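Both of the next two complexes hold chain A, though its partner changes from chain B to chain C.
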Partner chain A sequence: MIPCCLVLLILAHFGCDSGTDKLPDSKESFDRRAMLQHWADQIIIPSYEHYNSKVTVLHVSTDQFTSSPSIENLMALRTAWKEAYLAWQWVSMYEIGKAEAINFRNFTNIFPTNTEGITKNIKSGNYNLELPSKFAEQGLPALDYLINGLGKDDQVVVNILGSVDYANYLTDLTSRLSNLSNEVLSDWKGGFRDRYIENSGSSGTSSVDKTVNDFMYDYEKFLRAGKIGIPAGVFSGSPIPKAVEARFSPGFSKELFLENLKASQDFFNGIAFGKDGEGVSLKSYLDHLGTEKDGAKLSDLINGQFDKSRETSGLVDSDFAKQVHQDNTQMLKLYDELQKNVILIKVDMMQALNIAVDYVDADGD
Partner chain B sequence: MFKQSITNSFILLSAAALSMASCDTKSKEPTTLTTVEAPETYTFTRDGKSTVSFSGQTDRIQMSEELTAAMKANGGATETSLLEMFRNQKADGSDASPFTSESLNSSSKSIKEKVAASKDYYSSNTTESAAIKKQLEDWVKAQATDVFPNWQVLAKSGVAGQIADGDKTRYVSGSGFEYNQLVGKGLIGSLMLDQIANNYLSAVVLDEGTNRTDNENGVVGEGKNYTNMEHKWDEAYGYVFGNSPNPENPLANIEADDDFLNKYLRSVDGDSDFAGIAKEVFDAFKLGRAAIVAGDYELRDQQANIIRERLSKVVGIRAVYYLQKGKEQIEAGNRTGAFHSLSEGVGFTLSLRFTRNPATNSPYLPSQEILAFVEALTKGNGFWEVSPELLGQMSGRIASQFGFTEAQVTN
Partner chain C sequence: MVKRVRRYLHKSTEAAPLAVFRILFALLMFISLVRFWSMGWISKFYIEPGFHFHYYGFDWVRPFGEFTYLLFVICGVSAVGVAIGWKYRLSIVLFFLSFTYIELLDKTTYLNHYYFVSVLSFLLIFLPANAYFSVDAYRTKDLSYQYVKSWHIDLIKLFLGMVYFYAGLAKLNHDWLFEALPLKIWLPSKSSVPILGGILHDEWAAFGFSWAGMLYDLFIPFLLLSRRIRPFAFVLVVIFHLMTRILFPIGMFPYIMIVSTLIYFSPAFHRRLLASLSRLLRLDFAIFDNGRHYVETGKLKVKFIFVFLLFQLAFPFRFMLAPGNLFWTEEGYRFSWRVMLMDKTGYANFKIVDKNTGIQFYVNNSDFLTPFQEKQMSTQADFVLEYGQYLGQYFKSKGQVTDPAVYVESYVSLNGKGSKLFVRPDLDLMQVNQKYQHHHLIIPFNEYKHYSAY
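Entry: the complex of A and B
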């Protein structure tokens, strides 16, 4: 269904002389509702279904391990965890609706994990994982510690992790991730999807505004800062190798970074989950408005920066902690490339789309 | 870094005085200046030795820091120990050592004695003074009795415990109050601003007894190097800049020196709508102090009014900022996320009671209205039920009384 105004613009366009200026389009003539529908049906829900299936496998692997602790079952558990963690990179940014209400991301991926807190919980057997104070004692990073961080020797890990208290905690963590994921996915499929699409206006609480803000926030805070900036010491003065994602799985942090980068860029380009080919998206929205910067299409500049960041990461070791130790400059270079897109997206793109940034740095206590 | 304000002519005087590094008074030679020049830094001496002293104010700022930190941390503090920090004495009136800092423990000062204790506002209003002190103590106590026991509980309406604020954990009462914020922001007005605007900068206090003639004749206090009037003024200064590592030039470093007036003066200064306000306060303190040395009391009182107006505005701006922020968060569907902002908002709203409008010599809103605001914000289920409309009405009223707009504050 093409809105009437869009038809007129198309007709008017064909009536124009070929050449320089685009027709002045107001942002209302862009079909935000169609974009929301594409996002919901082709990107967000499929991404959640993918994550949900991986986190279910993770929980099943946990059961297999705890009922029969062995190196073989530990390997399977590790693989399941990695797959879940990669799948998570595709949903981390959609902290809206039920996910927002239940603090989904905070319960899933706060790192560095609090290993002392985890050990205390296990020893006491007494813990409430629903508490915000326990964000850093559960989720994928806590699983990293349990599965990969309990010892250098795999048999040692099997022995500890297979013991009753540890096994219980492991089970609680994976079942919780599975439950939270189910809750969010069910909500999307059970009514939120329709409400999300209907809320197609342009207020600060509209779906487009919220989703774009979420996309920006995840890019800034998790991709740029969490994965690269904080470990590289950008905010603290000195590097913090322990702050890398998947700290107990050397080499995995770069895979997660690349997955997050791809998810972010694919969302920008409206690529359906698991497929190629672009659909209606922020890129097409900017192109529709004819948004340019320094003589180039803003969408091209943004994609260019995504590509440049990927290219720059080629110089970074797959083990981010090792890279930080050996030559932090490469991490800083990567950070700088990521930072350039913060300007292009947060300032230029959001201004062009008339979307206000809805998050500020928290007031220091 | 600091934009020059062009609203006051004293800036010209300050500029002219840049060559003077400090202001030195010889004890025996009366100096007459036709134009008072403020020194470049807050440095005043007599016979080559500093006359500036505000240790009591530094003590109380640091005590307030320890108290609010202990309330927030639940690291073993109890109702008793928290009240001892507030009072710096035991319940029976005997000496207490409740602080981690030994110098605070041996200090004879207390927070409580100077809460709602200004000469101008409270010398004949001990009833209200007692009520304000009690209000703060009730909040201090409630943290220990209501919130500490529920440290590992998920909060809901009527149940104290944890709420998530982004990836931070906040600890709130059954009504959603973060008591350390109510107390901390409440002390900004009831202790610090009240003592500055309504006590130490008051002509009643500055000119008490023989202060004027003593000042003119360089008569210093016993064993001291300063006149009474000089000292009173410095004590006002101490409540803004007293915790700075460089109190002679405190704005040279960028970071806040405390979590109270200094911090929020700088926050407001960082808003482009109010840029320059920190320097205006600093310059007025310097010039007023130089005026005291020069015996120009009219100039002194003009500077006092500038300080009153600017610092009161800081409190008004932050009250509106937090009430508006809470309103936005509630309207965006994030009620529990609003509790932190609203807790700060209540503290700053209470602090409005201690503001001083130089035009009226009273607070920027009628005191009964302010106390009614605090009640309206905190009654019933508190922040679990407070309406965004009410928050909007309050912030609109506060903003209009001060003469700024909500948009300027929230940007």
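Entry: the complex of A and C
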């Protein structure tokens, strides 16, 4: 009854007010549900499957190493770790549902890792990795320390890491990574996928709003600040080379950065995981709404800025720690380029899509 | 003329509408407070944040830690006191003071609705709203009157009408009328709303809603005044406010407005309402009908209210004293019934520079502000200034910086027109006087067309 009255009311007003013969373009409503479905089935779940397979391999490699410690098995373990770390860059931004509930990101990739705490845990054999206070003593950065940071000579590393205490801790870390990943993936494959897609509304707790906020948060806090800004001393006044991601694997930090950057851009463009070609996405949503800024398509500007960041990183050494040490200005330049996209995404895009920045639970006017 | 005014001021009317208004308004206030509490907002907005944004001149208003809950208890109990008309004068004064104090705690939570409640409860202090159908009137025959002055009720009608009319005036601007902004941004994302959802993505829906909203606000007070049109007008009131409730996260306000507009109805209507209520409560309604007339002593009160009304009429126009685009600077934006008028998104990045050592670094806002505070801060210049100065003092007191300069790099997008540099990035906020007006801080929004009627 009420809606009918309102429609009549609007029609009446509209009839009076528009003397022109041309009605504004009527267009199809953007299908948010289809976007969520594409995200879940083509991007998020495949990314988790990929990551899950990599941490499974990592755990198997750990078992092989601990049962027969050797340089060869250490090398295999390192390779498995690298692949898992690269795969992680494709899932870190989806901190929603189970991942959010279990603090997936914090238990997996908090760096710089706390080497003292790790050593203490190993020596005492007494630790509870489920405590939030142990974020920095586990996960992929802690593994970096164990497999790459215990000594320059590989045989020395094998000897230490092969000892019972270290081997136990190593196993605990990889099995925990694998368990957490399993938990998140099985939740997605269980009921969560459907609930995620069903929640296609536009409230602060809807899937679109939450996913975009998570995407933004990951870009801002982990890609821009964590990987680049903090080591470059943006928040502290002086560079902190030790704060780079994977600090015990010189040269790997940039690879991880580029992977995460690509994952972010691919998500924006709706590229199915491991495939080519774009699907329903934030980009197509913006284009559907015809969002422009200063006469250019906003989606083009955002993609241009992703590209510009990648281009700028070309001038940065593959070892971020070395770069901030020798010439921090290049790092700061990269930071500035990343920062520009924060504004395009967080201010321009989120306004256009009517998504509140950070879910705020309060009344409006 | 003077004679006519005098005659009007002496005119009497039944007190029933005022009693109904008192009961329903206070009851809704009580429900609002309970809702606020149950949402966990007392802690979230007033106790947890380490920093609060103050209104100029109200720095001394501070939350009381855990005792802030007590403030809400006082406010809630006094609302009940008002509703049942028990120790009415004390209750309404307490309600006004506690409610207003809560609103002054942090301007992050500013809503026109809250200001509306403060002003209305202030006016109620001066009205004999307990004259009829109240515990006071029931217990003390001296306080019981069947008739009050017409102006007691007309005052509320006038204020309500003013709020609507000014909200309508504010909509007479280029963006709202000719670009259907911000509704063109807000509505398409609501396409999952039942029934209506299907049309909301259409541009004409945004235009229809914009114009309908503007016409509604401007004309509803007059429609409600006419006895013939009133029932139809009330249907409009209900539809309009329920629509806003469905489409936007707007809290209790729609209900408050729907209930408040009942005051426009006739005394007979209100008597019927009270009669049913009496049956429900098994009260003897007739004892309030004592034929007594409330006598207004002291001319000072009438004069004071008159001056207060003049102030209310003039205050929303103060933005004219400041240069620049009102929506961009928001100088004179608050306390002016500009409701759901624009969409602003912003981002502010603060840089601390030690003037002695040259060391500089950026601030992580979430270390100091809640997401809500950060959201409000990033689009409003007075927030940026207050927070910037707080940061400078904070890092100085921590010994991290000896002589701080604070700069902000901030971008704001207004109504989807694209992010632009907002506060002047070359300004050391530590050197800026708090009294500085917004437009001194802000880069003007020149190209932007804004033809506001007021």
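Here, the second predicted complex is superposed on the first by the 330 of 365 C-alpha atoms of A that agree within 3 Å, B and C clash if a C-alpha of one lies under 4 Å from a C-alpha of the other, contacts with A are read in each partner's own complex, and residues count from 1 in each chain.
One rule holds in what follows: a residue touches a chain if its C-beta (ideal position, glycine included) is under 8 Å from a C-beta of that chain, and two chains touch if they have at least 3 such contacts.
From a predicted model like this one, the values you see are computed outputs, not experimental measurements.
Colleague: Give one of first, second, both or neither to describe whether A:Pro132 is in contact with chain B, with chain C, with both, or with none.
Modeller: A:Pro132 contacts chain B only, not chain C.
Colleague: Tell me which partner touches more residues of chain A in the superposed arrangement, chain B or chain C.
Modeller: After superposition, C is the partner touching more of chain A.
Colleague: Looking at the overlay, does A:Thr205 come into contact with chain B only (first), chain C only (second), both, or neither?
Modeller: first
Colleague: Tell me which partner A:Pro250 touches in the superposition: chain B (first), chain C (second), both or neither.
Modeller: Touch partners of A:Pro250: none, neither chain B nor chain C.
Colleague: Where does A:Gly117 make contact in the superposed view: on chain B (first), on chain C (second), on both, or on neither?
Modeller: Neither partner.
Colleague: In the overlay, answer first, second, both or neither for which of chain B and chain C A:Gly304 touches.
Modeller: neither
Colleague: A:Asn106 in the overlay: touching chain B, chain C, both, or neither? Say first, second, both or neither.
Modeller: In the superposition, A:Asn106 contacts chain B only.
Colleague: After superposition on the shared chain, which partner residues are touched by A:Ser236: those of chain B (first), chain C (second), both, or neither?
Modeller: A:Ser236 sits against chain C, while chain B stays out of touch.
Colleague: Shared contact residues on chain A, chain B side and chain C side combined as an intersection?
Modeller: Correct list for chain A: 204, 358, 362-363, 365.
Colleague: Applying the document's contact rule, which stretches of chain C touch chain A when the two form their complex?
Modeller: Against chain A, the touching part of chain C is residues 39, 41, 44-45, 109, 111-113, 185-186, 188-192, 195-205, 207-209, 211-212, 215, 235-236, 238-239, 242-243, 248-253, 339-340, 343, 345-347, 349, 354, 359-364, 371-372, 374-375, 411-413, 416, 418-419.
Colleague: What part of chain B is in contact with chain A in the complex they form?
Modeller: Those residues of chain B that touch chain A are 72, 151-154, 162-170, 259, 331-334, 340, 344.
Colleague: Over in the complex, which chain A residues touch chain B? Could you list them?
Modeller: It is residues 100, 103, 106, 110, 128, 130-133, 135, 204-205, 358, 362-363, 365 of chain A that touch chain B.
Colleague: Enumerate the contact residues on chain A facing chain C in the complex.
Modeller: Within the complex, chain A touches chain C at residues 2-3, 5-7, 9-11, 13-14, 17-18, 23-30, 32, 200-204, 225, 229, 233-238, 289, 291-294, 339, 342-344, 346-348, 350-365.
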